[in-house]
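Okay, so subunit A shows up in both of these, paired with subunit B first and subunit C after.
On to the complex of A and B.
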């Protein structure tokens, strides 16, 4: 975990160093002579070996200092912290809903394998896996905000509600969240459902299920007590593994729906060539991902006591 | 092979042929209509699938888009599969500590959201055809490396490898002549699925303007301007998206069919 984090910071640092130009070119006016520029570089520590520069940068990063945005001049960390709640709201709700929907769908699909619903679910998940998520977002926007005018196409909170009550605000935010949430959901559901279907199929062919059937336990109980949980275990691992894709996908969706989260911050920073912000979001999102996969591992150990750490 | 897989194979085959021979036809993806600038047309007699905001035919452009999107898909998967295979072979066969180091690097790469890495790299190395292919390939070799490594680990203790070792055959030869062929089925399947996800990556990058640059047409960059014409012309979104979905679905069906062909024991 810690070496992985160190690696990520090192990689981000290398990327930042690989960007064309250096900060002195940004902050000085052209009348400053070459000699002063060298002095300036010395003052900023840019003449030191890479490794020293990296360690100094790391020291700051560990203290939560990612430097200042080239564009707004604000500290990167506070910009990220401002955006974090929106991102967490969106990604955690989509994660929870994914689990809630995937489990019954996979179960139905596997229980009546090759049945009507299985074909419907399998086919839909194939389409779902082939959908570019941002395109799905565009289509939903087209249908629900422009065609039917049911949902706002972008944003987080309507400006006229800034002073409204907490309840009204929450309702408005939820209203704004529907489309990005559905987009994210469909994107992540497809793969998981298919995977879970395999898991249930595998569990249903096990001896203990046969034994349970032989003892006359009802099908419902077999499904809910035996199959559902056992097949859900690998899902936890898979979720941990898919986390980077989920969060990466959420970035584009946030950008598309102008959802003021970390992802939009990052994508905007890409366009503005705002490297400190870019690196900050890169490191922070990787930290989130690592935390998420750690949680997934812990949940797995909790759910399956046979696994020892 | 199932019916779905046959249809997919035919679809992809025809698409590849069209993409290959398209430049020898009289179609021009950049033939624009000055009177239509800023006014995308709906499908009509002159343009079957409508036109984009420059009056260019969406049908023609999406055929040319197939050329570029498929090219990006194939080449970047070639890069990622080759890299992944080499890394996986080496990591699985090398001493334990090398394996550990390499696998930690793979973990590291996997912990970074690939789309974000690709965007950053595209900003650093100005977007061009070469960088797109390289960046997509470079951000997606890890899965293959893991797959191949896992296979090498299970293969290297098998009798035929032990026998080859006993006969004093060099590690290089063992890896490439004895172990590699056994991993090929997995590789073919994962590459087919990889082409699909590379096409999807290309479309995201191009949609954000950091992928294939105009005037070239790719399915992704045909979508780039569509956001401005959501109201006027939904066809600018629907047409390229439909091509992407059809192609990626076909690739996935085919990959799935091949997988069950290679592992007949695995239940569907």
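On to the complex of A and C.
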């Protein structure tokens, strides 16, 4: 895993440096002299050869120091940790809800394939997928914040509640989370529903199900006990791959709802060419990708005894 | 069962919501981005400066007429030769921690800017003709600045938030925790910064000018403009800027007023003067006559803007009388005539002008994501097509675009670029127009005019404003004739402010809260 990580970071570092522009170019202001920018580059260590820059970065990372942001001067780790809770809250809730909602939807779709409910589910989930997140979020805001006045339009925690009790705070955050969560959910239902549908459909057409039916086992038992577990296998792989997405954050949602998450941190860092922050988020997600596929493999073994280590 | 449980939870959370209400004695302002940090030396982004302006005090304040009004200064004096500035500080000023602010702090602040180890881009403001400005403490409340030669933008450029020496003396200023927990001498104290959410400031009771009426200011970070507008409409913000397209929807809102004023920005299409066709003045004139600026303003800005002809904005003192400016009006026929005269032939088949068998074609760059610029580029493309000029549009990511423009080579690899400049209250624009600023510097189009070069230097060295105005008039005249940029428009700012906010200054480029101490909110 370590050589893999080294390779990933080195390649990313190369790519990052290959993109045009550098952090000092952000200062486009006629009152700023070219000399200042050269001095700034020197102070940030950007005048050194690329390999030296990479090795220096690596040396620091090994010692647990991810460096300081070029833009804010803050330690990269603390910037990431600052934004992690909000990101995880939103992504984990969304993942759990997606799983809970798509499972019955996929089952119904598959079991009554090409029936009325299958069409309804397929149609609505695809519409959800096709709606632009940006537009959908704004419409929800107009409806629930302005029209009905049920929800705050944006933000995470109301400033006046900072010293309130844990319960009050959680409630307030939950309240702020409703709209981003709905927007996120509507967009992500279609994918998983289709996976479930396909998986169950595939399993249901197999011989052992036919045999089970022939033996007179009840439909419910066939569906839940025999079909579901087998159909769930590809979903496990999928979940493993989703692990890095959990901390990646959802840029559009975060931007729109002013949600203080990781997505915006990463994207802003790309546009500002804030190399240390970029590398920090990258290391984080590559570790999670590797971890995710490892977990998926383990889960696979557990769910399917045929797969041996 | 499960669904009904979820639904119940959902309803429960929803019923929590009642009509959102803005807090009492607290002003809730909008920030369009997370400030990079709160040390005025290290930042130039507007989000940071809108916070540091409240926390730190500086020599002057910019009032609603864009004039400098003494803040920290009792008075100042400029020597006859314009080389020695003497600053007399007010004596009752303290930092938020109770420490008095003295000339030592001022000297410390400016010396920190001059220190090469500081990651600041302000240094060249204090280096004139390769020589740094020297600061000298005369006594506790008096400071002298020695300039190597007269330099009138100095007064505006030295207007920086003053840092407390006693807190930063022994710190690495680039990484100090001070940068996120600043202590200044301004009307509001720093209280809290929740990353990517909001900042809270509280009133500084011993502020030296006048005790602020507001108890607290909350600055909410909402990156998306649409969301900010909705938050204003939903009484979650006291203030937000508006987009032209939404003006009609909001102009009669019972909750907030919409104010209109012109900012300090002009938008232009810069033409690479080393381009084989665009270096010809007749061709540039042809382009100018082909484009209807009014049409762009109506189409892109919904009418909220004014056509521009020079690199300055009407709100500034240096802006000349309209008669003194050459303006190339919309006249497509004249445009075609000029092109024919310049040796281009009209190709009936393609509908474009040609020279030596090659169509008149060039590419306009602009930054992706700036909708107004993207749309303006498309409108210009249509206008140019009507007179037979083929213009392609290339959208580029900001950093990549700057790389193309700033690359220190001659000639540069672009034809034209649609951009904007924010000019500030000091009209000096040496960095944009002086021939020495090419190919390194912001004169990326390669403009060269000896008259402008000379006048730019004279205007910098002149201290008297009336005399400077004459120099700038000459500069603008030359530039408007040469048309190195196709000046497009001055966008109008639309600002929505909740009706409960009182004590506003008159609408102007400096904003409507130029005296933050006088602002209050009615219950």
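Everything below uses one rule, namely that the second predicted complex is superposed on the first by the 224 of 309 C-alpha atoms of A that agree within 3 Å, B and C clash if a C-alpha of one lies under 4 Å from a C-alpha of the other, contacts with A are read in each partner's own complex, and residues count from 1 in each chain.
Going forward, contacts are C-beta pairs under 8 Å (C-beta built on N, C-alpha and C of every residue); 3 or more make two chains touch, one makes a residue touch a chain.
Everything quoted here is computed from the prediction, not taken from an experiment.
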**OP:** Considering only touches as defined above, state whether A:71 meets subunit B (first), subunit C (second), both or neither.
**Re:** second
Note to self: Which partner chains sit in contact with A:266 here, subunit B, subunit C, both or neither? Use first/second/both/neither.
What the structure shows: first
*Pick one for A:240: touches subunit B only (first), subunit C only (second), both, or neither.*
neither
- request: Report for A:3: first if it touches subunit B alone, second if subunit C alone, otherwise both or neither.
  value: first
For A:141, select first, second, both or neither according to whether it touches subunit B, subunit C, the two together, or no partner. both
* Please work out whether A:150 is in contact with subunit B alone, subunit C alone, both, or neither, and reply first, second, both or neither. => second
Winner on subunit A touched-residue count between subunit B and subunit C: chain C
Looking at A:187, would you say it contacts subunit B, subunit C, both, or neither? Reply first, second, both or neither.
neither
Exercise for the section: Kindly classify A:280 by the partners it touches after superposition: subunit B alone (first), subunit C alone (second), both, or neither? Expected result: neither
Query = Is A:255 touching the first partner subunit B, the second partner subunit C, both, or neither of them?
reply = both
On subunit A, the footprints of subunit B and subunit C overlap at residues 19-20, 138, 141-142, 146, 255, 271, 273
The answer for subunit A against subunit C in the complex is residues 19-22, 25-37, 39-40, 43-44, 68, 71-74, 79, 82-83, 100, 138, 141-142, 144-146, 149-157, 159-160, 162, 171, 174-175, 178, 255-258, 260-261, 264-265, 268, 271-273
In the complex, the residues of subunit C that touch subunit A are 2, 10, 13-20, 23, 34, 36-37, 42, 44, 116-117, 119-125, 127, 157, 174-175, 179-180, 192, 194-198, 200, 218, 220-224, 226-227, 230-231, 233-234, 236, 397-400, 402-404, 406, 421-424, 426, 429, 431-432, 440-442
Within their complex, subunit B touches subunit A through residues 104-105, 107-108, 110-117, 119-121, 123-124, 196, 200, 203-204, 207-210, 223, 226-227, 230-231, 234, 237-238, 241, 244-245, 247-249, 251-253, 267-268
The residues of subunit A that touch subunit B in their complex are 3-4, 7-8, 11, 15, 18-20, 113, 126-127, 129-132, 134-135, 138-139, 141-142, 146, 201-202, 205, 241, 244-245, 247-249, 251-252, 255, 266-267, 270-271, 273, 278, 281-282, 285-286, 289-290, 293
